[in-house]
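Mind looking over this structure? Questions follow.
Here the chain labels run A, B, C, D, E, F and G in written order, and each chain numbers its own residues starting at 1.
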Amino acid sequence: MKNIKPLHDRIMVERVEQEERTKGGLFLPESAQEKPIIGVVIAVGNGALLEDGKLRPLYVKEGDKVLFAKWGGTEVKLDGKDYLIMKESDVLAIIS
Amino acid sequence: MKNIKPLHDRIMVERVEQEERTKGGLFLPESAQEKPIIGVVIAVGNGALLEDGKLRPLYVKEGDKVLFAKWGGTEVKLDGKDYLIMKESDVLAIIS
Amino acid sequence: MKNIKPLHDRIMVERVEQEERTKGGLFLPESAQEKPIIGVVIAVGNGALLEDGKLRPLYVKEGDKVLFAKWGGTEVKLDGKDYLIMKESDVLAIIS
Amino acid sequence: MKNIKPLHDRIMVERVEQEERTKGGLFLPESAQEKPIIGVVIAVGNGALLEDGKLRPLYVKEGDKVLFAKWGGTEVKLDGKDYLIMKESDVLAIIS
Amino acid sequence: MKNIKPLHDRIMVERVEQEERTKGGLFLPESAQEKPIIGVVIAVGNGALLEDGKLRPLYVKEGDKVLFAKWGGTEVKLDGKDYLIMKESDVLAIIS
Amino acid sequence: MKNIKPLHDRIMVERVEQEERTKGGLFLPESAQEKPIIGVVIAVGNGALLEDGKLRPLYVKEGDKVLFAKWGGTEVKLDGKDYLIMKESDVLAIIS
Amino acid sequence: MKNIKPLHDRIMVERVEQEERTKGGLFLPESAQEKPIIGVVIAVGNGALLEDGKLRPLYVKEGDKVLFAKWGGTEVKLDGKDYLIMKESDVLAIIS
């Protein structure tokens, strides 16, 4: 996904399908009020802005498999695929 | 657009029409609660104000094609064209 | 307007009439939820207060033609004319 | 008003009557949602507290004629006169 | 009141009765939406916490007669007397 | 209470019974909207986190008799006794 | 739980069952509005982000038995077990 660059502390994520997820052993409860979702990081921003105007490089890297809360991010569709643009701080955990 | 200069961390954006957008392969879902919009940056502010009063030059540049959330910015009409003035932080990603 | 000095980061603005505005080519949509307004800066404050107590001189200068959101500022009437006192950060852009 | 000292960034203001105001040429619209009021500063606080615990002397001085928003301040009555105690930041402008 | 020490930027205040207040010439209007109250400072905290963890000594001293907004503070009754524990910033002015 | 360590700026408090309180002369009014409560500090946290990541040792010490607002803290029951875990800043005053 | 790494100041916690809890002597009241819960820390984040972009290592360690408020954290299910991902600041106390 070379043609889209998230701004500052934002990342672009492609959701992993439900089937794939259950195979990997990770299952997310239907009843949970804040249902987390798994995805793969497609692109990361240029860095989080600090108070003095400097940039902190993001911790999350392209290719990372991440767990994030459902309400995080804005949906975009590119070439027929769904993506999410969210802030790095919306990521709950990195799965390896 | 030499005759309008956004203040500080604001940028002025011209929306890209829907037809043009779909050709480029990027399609934004109708159903999305927070529908992002694509535009071209027409003018950028003099810099974001830091806590010590200094200015951080904006990362977004004139001519950048940007993706931003629908609710961002204030509409203005100039010589019959619609523009949006928003904060740089309302930009989700830069498309290249 | 020598006899009124806005405090700190405030500026005093005189609205430009609708007729004058349309001649200049800039037209603001009636339907816009946040209708911006054009005005001329009549007086500026002594500077914005920084966290360490120092003052940052304002960027907006006396005589600047500015675009600002409708809800910004407090109305005052002086010698029969309407003015607005607003914060510099309520200014969206400077028109030249 | 030597016997009352506002605390920190607060000031004590005596409202100027409506008659006096209209003579000076400054008239405040009845219809304005946020009706500003004119007053004279009777006493000022010992300084605004900065984050490091130091004090910034107030910019507004005893005797200044100030314009302030109606909702600002707390009313007190002393020896039959009405006063307002407000924060310096509630002052919109100084009139000279 | 040696046996009670307010914490950090809090002070302990004993209200002055209405009769006593009117004698001193200061009368607080019944109709005022935010009725200020007069009291005497009985005890002060060890200092206001600054961001770096240091303490700023309070400006208000034991014995000061203070004016404060009605909603400020928490009531306590000790040996049959009513006291208020409030933050120093709830004090509007010191009366001397 | 060696087996429970509050985190950072939290403290663990055991409420003092009403009977015991009235004997000591301190009586808290039933009608007070924000009824303060007395307790004894059983355990204190490792320190309050400052912005630079350092720890400020708590001012409140194990064994202190403290006055705190009713809404402060979370209740826990341990070996049949009720305790409260609250932030140090929920403490109004230390009684000695 | 080597294959999941909480981000920044987040930790991953496995709840301790009710039976086990009552044996240990710690009982949490049903009626409490904010019912705390006990759990064991399974994984901790890479550190809390400070304002200057540096990381503060977490105080809570893998294996710690922690007490936390019920509303804290997001539920995830992994290989049939329930976990919670929460911020370190949601931890009320460490039990040893």
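Convention: contacts are C-beta pairs under 8 Å (C-beta built on N, C-alpha and C of every residue); 3 or more make two chains touch, one makes a residue touch a chain.
As the structure is a computational prediction, the values presented were derived from the model and not from experiment.
With steps allowed only between chains in touch, the distance from chain E over to chain G comes to 2. Rounded to a multiple of 5, the Cα-based rotation taking chain D onto chain G is 155 degrees. We define each chain's centre as the mean of its Cα atoms; on that basis chain F and chain G are separated by 23 Å.
If each chain is reduced to the centroid of its CA atoms, chain A and chain E end up 51 Å from each other. Multi-chain contact residues of chain B (touching two or more other chains) are listed as 51-52. The chains touch one another in a closed ring; read from chain E in the direction of chain F, their sequence is E, F, G, A, B, C, D.
Remark: chain D residues 2-8, 10, 12, 43, 46, 49, 51-53, 74-80, 82, 85 touch chain E in the complex. For chain D in complex with chain C, the residues that touch the partner chain are 25-29, 32, 34, 36, 48, 50-52, 54, 56, 59-60, 66-67, 69, 88-89, 91-96.
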